[in-house]
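The two complexes that follow have subunit A in common; it is paired with subunit B in the first and with subunit C in the second.
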Partner chain A sequence: MTKYVGKNIPRLDGYDKATGRGLYTTDVNLPHMLHAAVLRSPYAHAKVVSIDVSEAEKMDGVVAIATRDNTPRTYFNVTASMILTVPPAKPVLDQQIFPDVVRYIGDEVAAVAAETLEIAKEAIKKIKVVYEELPAVYDVEEAMKDGAPQVQPDFSPGNNLCGGVIKIRQGDVDAAWDEGEVYAEHTMYLPRVKQAQLETHGAVASYNPDGNLKVYSTTQTPYPCKVIIATVFGMPSSYVRVKNPPHVGGGFGVRIGISAKAELIASALSIIAKRPVKYIYSREEDFLASDTRHGGLIKCRLAAKKDGTFVALDAKACMNTGAYATFGPDLVAVLGACGIAGIYGIPNIRYDGHAIYTNQQTAGAFRGYGTPQGTIATEMCVDSIAKQLGMDALELRLKNTTRVGADWWFPYPVKSTYLNECLEQCAESIGWKEKRGKKQTGTIRRGVGIACGTHVSNAAPFCVDYDAAYMRIESDGTLHVASSIPEIGPGVTTGLLQIAAETVGVPLETSRLAYGDTDVGPFDIGSHASRTLYAVGHLFVKIGKELKKQILEWAAKFLYVDVETLDLVDGEIIGSCEKSRLCIKPMPLGELAYEAHLRGKQFLVHGCEVPPNSPPWHAHAAEVEVDMETGMVKVLKVAAAHDVGVAINPVLVEGQIEGAVAMGVGYAIREEMTYEEGKGFYNDSYHKYMLPTMDEMPEIDTIIVDAFDPAGPYGAKGIGECGLVPTAPAIISAVEDAIGIRFYEMPMTPGRVLKKIKEVYGDDLENL
Partner chain B sequence: MKERLVTTVNGRRIERYVDPSMRLVDFLRDELLLTGTKIGCKQGECGACTIIMNGTAVLSCIMPVMKAMDAEILTIEGLEKDGTLHPIQDEFIKGGAIQCGFCTPGFIMGTKALLDENPSPTSEEVREELSGHICRCTGYKKIEEAVLKAAERLREEKDD
Partner chain C sequence: MKYLIANSTAEVLEFLKEAGGTASILAGGTDLILDIESGKKKADTLVDVTRIPELKKIEEVDGFLEIGAAATLTEIQKNPLVRKYFPSLAKGCKTVGSSLIQNVATLAGNVITAQPAADAGMALSVLDPRFVLVDEEGTRECGVDEMYAGFGVSTLDSGRTLMTKIKIPLPNKNEAASFQRLELRKSLSLPMLNVAAMASIKDGKFEWVRLRMAPVGKGPVRAAEAEEWLVGKEVSAETFKKAGELALENANPRSNPLRGSKEYRESTLPVMVRRALLEIATQLNVMEG
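On to the complex of A and B.
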């Protein structure tokens, strides 16, 4: 029996957040602090010929102006891939704080720090920049053609390819292809979508002329953020401290590394001004000058036997990574691995992934990290095979899913999968048997669809992925844990403390986790890849056991008893009645710890490890209603079934699933970044970006299937991103079930849907 | 040019000379250091800056500061009494309605205004009334549940 693991402990930062007491980066105000604004390129591709700051400099209240002329020219990558790329692969370092050639509308040209934000904003208008416009390219297919304008000639082997072609190979697709008896082949066109986290990117940097730089930041990876800053400015890493304040208003992948360029620009200005500088992205800047999800196209084909057995899967992804690499090459790898190669046991798999440079803003990590895109492509072919065979789409999936011990492409084993349980339970919840394939007529048509997928519980071994932490017992017997992980919202800092207190054997109420600060904890890769609870939890189990052992060994000597007779339970040293004199009266850990303290001993452990990896599994079933006259798709219900292993804190797990489902619904039917040549992306505000709101949310049936993973901490697996993965393909499948039209382009907005309805059913909607 | 502003914030009378072009949210956050009220968009589109003015939920990010003249303002900081959480705050925490927390103060203030006006809202009313608040983390399900639970508790407290 566990005391904390598996329990719905209310999140420990709840009080801070519900009362408004808790600090976010936007709330940080330091003495003598300046405010920053940034001048951005109005051109999609242009050479910066000259920058004249003289008029701006004269303005009252302007303290520092940063341009390419007085800041480091170091090449970097804003993402953690800069320092986490596994050799022999090399990170693509193609960014500079202020580049000589601007490559998208919004690229950084100069920044001003002034006494007020208003002055800083006025000052950037007075900076005179001479640009020499260059030919630009926006579309992936155009960019890959010979003779296309080259976005990054110094970092691309040609045809705007970023970071080389990512290849995944299993078996021999060409040789096996003819073994197929039925074939599916389609191309899926995917939109860019935006994380749109509630707190925009921001940083407050405080440079001290003694060489120390302290940065409050919205990063979801404090330690990698610190290393990137130190590298860019050529400073000793030990002199740079990155701290979440500690709260971060969401992440969803958009700040793995630094928060767009917030930390670097605030730091550059602070170094010049020698005063603290606060730079908070406006909502417009956040929308238009930070990573989006990758859009692009995926060609996918699947060969199967007549009995439904999958024989070979062949896919090629060409994803629009924008003006700079950020996570492009890494992400197309995960797209292929988890989205294409992972879900089904298919002996022959071939995948070629291309991240393609264009003159648009960058695309990078966004919850799911390529897996949602790949899954949409795979599931489109699976549904097509089911249709051709006249086979139930659920049955076809149940037959082909990856099994425990599968001979799969990944470098770690499948130790557990409850994917078929997920499929069955979500199908049951949606009423699959009664509803699927029922012919619909009339204006409002209903349908149900299903999709499934997998992901990761961390990024190892695909990137350098490890955690380090300290644990100690204070002299009053309370547990203190220190890690530099951030809390970006999921509640991992609560779940992790549940694991630590459980393992050590102390009350949660007196245990504390210090986090989100590189001066508090040692290296930690941070919060992403659905990893934090799984990977850091794995480390906490390991060092928690060591701490407990250390306590009991010292207690045994102190009490003159055999260590085997002792245990630490709920903060008390208890003895076995057979041998120990502690049989009657347990000794509070506080008493022991104080005795130890008086003798110069603190119970203290540290640890550092690369986590194992366990694929999580998930299946969603969706029910939709399509209005044949308006083209409006309404999602009525999503049944979301997840194999997360053991849920350490079920309410927090549900929260992850439900939030990701909402994003998946937006991805499927509403959200889209629309590019207007010469102007840039249209979507510069919440008003122009159609996020799901409370009144439009479908019913969500959140199902955590009974599962256990042998490698995960207390049997747990990752969950953070998973709810997004199968949502959109399940909705696409449901729309097809409702109106007989499969969409190979997203999102399924009323305009797009109505156009297809007219194509298929003709103009005469009266006769539907 | 500064103007004299007299207003009451969380029960405290405030008298200041302010730049009248300022938005109310900046006055609250920068002048009074009440940073619990958040800025998500500064365009009146996300609801994170919601406060209660004279009993009504308003978006402080698009509200000119002088509109606060002689008004009674309640911000998130004024909801908890001597360390005891308001039932709405408590239910948000217990029910998992908080994740990153950035939309939370606005949601809680919006909920307070809603329940003051309508102590027994239906699910549909909750969804409709709070649809001006954007949350990107929760999918809204647990927020809706927390609002309904808080309503129930507040009704019970009233009955007692």
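On to the complex of A and C.
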């Protein structure tokens, strides 16, 4: 029996967050601190000919102005891919703090630090910039044509392909294709969508002339953030400290690495001014000048036998990565691996992934990291095969899903999968048997749909991916754990402490995890890839066991008993009377630790390891209602079934799923960024971006299937991103069930839906 | 900037006069403050009218429902008289912004900011409201069409004139009103379209209909052709359909990158009109909803 693992322990940061005490980057105010504002390009593509800051410099209260002329010209990548790319692959370093050529509307040109934010904002208006406009390209298909304007001629000479073509191969698709008896082939068009995390990007940088730089930051990867800053400014990494304050208002992938350019701009200004500088992105800057999810198109075809057995899957993704690489090449790889190659056992798979440069803002990591896009493409073909065969879409999936021990493309084994249990349980919850395929008439029509998928529990071995941490017992017997991981909202710092306390055998109530600070813990890659609880948990189990062993070995010597006779349970050293010649009384760990302290001994361990990887699995079933006269799609219910292995803290897992389903619903029916040539993206605020609110949320039935993974800590797998992977394809499938129309373009906004309804049903929709 | 809190209508006029036209009246401020911050509007002095007792009243007076100009959208939608006589107005007030906005924003402000798709002002527009205005010259009453000068522009100069209350004639037994909203999001979002209607039905026929729609032009646009045609027509699905088509004659919607293309709005406007008329017929038990 476990004492903490598997229990709904209230999150440890709950009090801080519920009462408003918790500090976020925007709350950090340092003595003599300046405020920054940034001048951004009004052009999609232009050469910066000259920058004249003389008028701005004259303003009272302006302390420092940063441009390309007085800041490092180092090339970098804002994302952690800068330092986690596995050789022989090389990271694409195509960004500079202030480039000579601006490549999208919003690109950084200059920054001002002033006594107040108002002065800084006024000052940037007084900077005179001469631009020379260059031809621009916005659309993926246009950008792939010969002779298209070149977005990054130095990094993709002759074309706009960022980081080369990503290829996944299994079996021989061409040879096997004719073995098929039924074929599906479609192209899916996907929108660009925004993370819209609650806290905008921000940093407070404080440079000390002795060479030390301390940066409060919204990053979701403090350690990589520190390394990137040190590299860009050519500083010793040991002199740079990155700290979350400790709270971060969401991540969703948008700040894996640095937070857009917040840390670099605040640092550049602080180095010039030799005073602390605060730079908080406005909501508009956050929407228009930081990574989004990749839109684009995926061509996908699937061959199957008449009995439904999948034979070959062939896909090509062309994703709009915007003006700079950020995570583009890595992301199209995951799109293919998890979204295309992972879900079903298919002997022949071919995937070509393209990240395409355009003159739009960058696209990068966003919860799911390409997997949602790939899953939508795969599932559109699976539904098409089911329809052609007259086979139940659930049965077809159950027949083809990846199995334990499968011979699959991934370099690690499938040690557990409960995907079929997920499919069956979400189908049961939605009422699949009674509702699917029921003929609908009239104005309001209902339908149900299903989709499934997989993902990862970290990025190893595709990326450099490891964790290091310390654990110690204080002289009063309490456990202190130190790691540089952040807490971006999921409650992972609570879950990890549950694992640590459980493993060492001490009370959770007196244990503490210090986190979110590179001066507190050693290297950690940070929170991304649904990894932190799984990977850091794996490390905590390893070093927690070592710590316990160290304690018991010392205790055995101190008590003159054999170590095998001792155990540490709930903060007490327990002796076994059967095994030992001495029957000792339980001894509080605090007493032992103090005895050790008196003799110059602290129980202390550290560890560093690359985690194993375990694919999590998930299936969602959705029920929708479609208004045939307005094209309005309403999602009534999502049954979300997940194989997360063992849930370390079930209520936190449910929270992750519910939040992700909300994002999946928005992705399917509402959210999209619309580009207006010459103006940029229209969606510069929550008001102009249709995130669902609680009014639009369907009933969500979260189902955590009974599962166990042999590789994960206490049997756990990742969850962070998984909750939105199958949501959108399940909703698309449900809309098709309701009105007989499959959508190959998202989101299914009323305008898009009504247009299709009219194409199929004609203009008279009143008396259907 | 000066911020003055007025305790009476007379005091408001006094403050406005002192500022010589450079002041602005502030009730909820949910639009005004943003407009001042973004530089769209300017004011040297803000005159807060939310603590004038008579401006907060909602009461029945001589065949009218009188709503004080400082009554918030929340107070209006929760008021038993409003709910009894004008449920569609309560519905319109409930769809402006979000609960937080409704807690401070006013119906009067929703009219004076003159945004074409303002839900509360739209729901109100078909109820034959009279706006009571006070300035140095004295007191006068205005109808809906006299209030809107353009997109986001009111005829009322809130540096000189105070709206004190909105008077709405109480409905007869055979009269009812409705409000329909086509929306991407229930809260924190302008509608793609909204339609308000009020009608009198006698012996299964429309005696008269007031029908307005937005955002298809300046303020709440009258579907004049449909209104005129509907008089004397039988209450039926066919009638609603024809009225919906006729409504297009007076509508000139624009495309919005988010809230629907012109084409989409033109496709769905007749549907909203039909649904608005059906809602009235249902309320009056002439048809089943």
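Points to keep in mind about this one:
As a convention for this text, the second predicted complex is superposed on the first by the 760 of 768 C-alpha atoms of A that agree within 3 Å, B and C clash if a C-alpha of one lies under 4 Å from a C-alpha of the other, contacts with A are read in each partner's own complex, and residues count from 1 in each chain.
Methods note: contacts are C-beta pairs under 8 Å (C-beta built on N, C-alpha and C of every residue); 3 or more make two chains touch, one makes a residue touch a chain.
These numbers come from a predicted model, not from an experiment.
By the touch criterion defined above, A:14 lies against subunit B but remains apart from subunit C after alignment on the C-alpha atoms of chain A. By the touch criterion defined above, A:630 reaches subunit C but does not reach subunit B.
In the overlay built on the shared chain, the residue A:676 is in contact with subunit C alone; subunit B does not reach it.
Contacts of A:695 after superposition on the shared chain: both subunit B and subunit C are touched.
Using the contact criterion defined above for the overlaid structures, shared-chain residue A:282 touches subunit B, although it does not reach subunit C. Within the superposed three-chain model, A:687 lies in touch with subunit B and with subunit C [touch as defined at top].
Partner contacting the larger number of subunit A residues, of subunit B and subunit C: B.
In the superposed model, A:750 lies in contact with subunit C only, and not with subunit B. Once the two complexes are laid over each other on the shared chain, residue contacts for A:217 go to neither subunit B nor subunit C. With the contact threshold set out at the top, residues 686-687, 691, 693, 695-696 of subunit A are in contact with subunit B in one structure and with subunit C in the other.
By the touch rule above, subunit A contacts subunit C in their complex via residues 629-632, 670, 674, 676, 682-683, 686-693, 695-696, 749-751, 754-755, 758, 766.
By the touch rule above, subunit A contacts subunit B in their complex via residues 8, 10-11, 13-24, 26-27, 29, 195-200, 247-252, 282-283, 488-491, 651-652, 654-655, 658-663, 685-687, 691, 693-697, 700, 702. Residues 182, 184-189, 192, 237, 241, 257-258, 260-261, 263-264, 267-268, 271, 274 of subunit C are the ones touching subunit A in the complex.
Those residues of subunit B that touch subunit A in the shared complex are 29-30, 33-43, 45-46, 48, 75-77, 79-80, 85, 89-90, 92-96, 98-105, 108, 126-128, 130-144.
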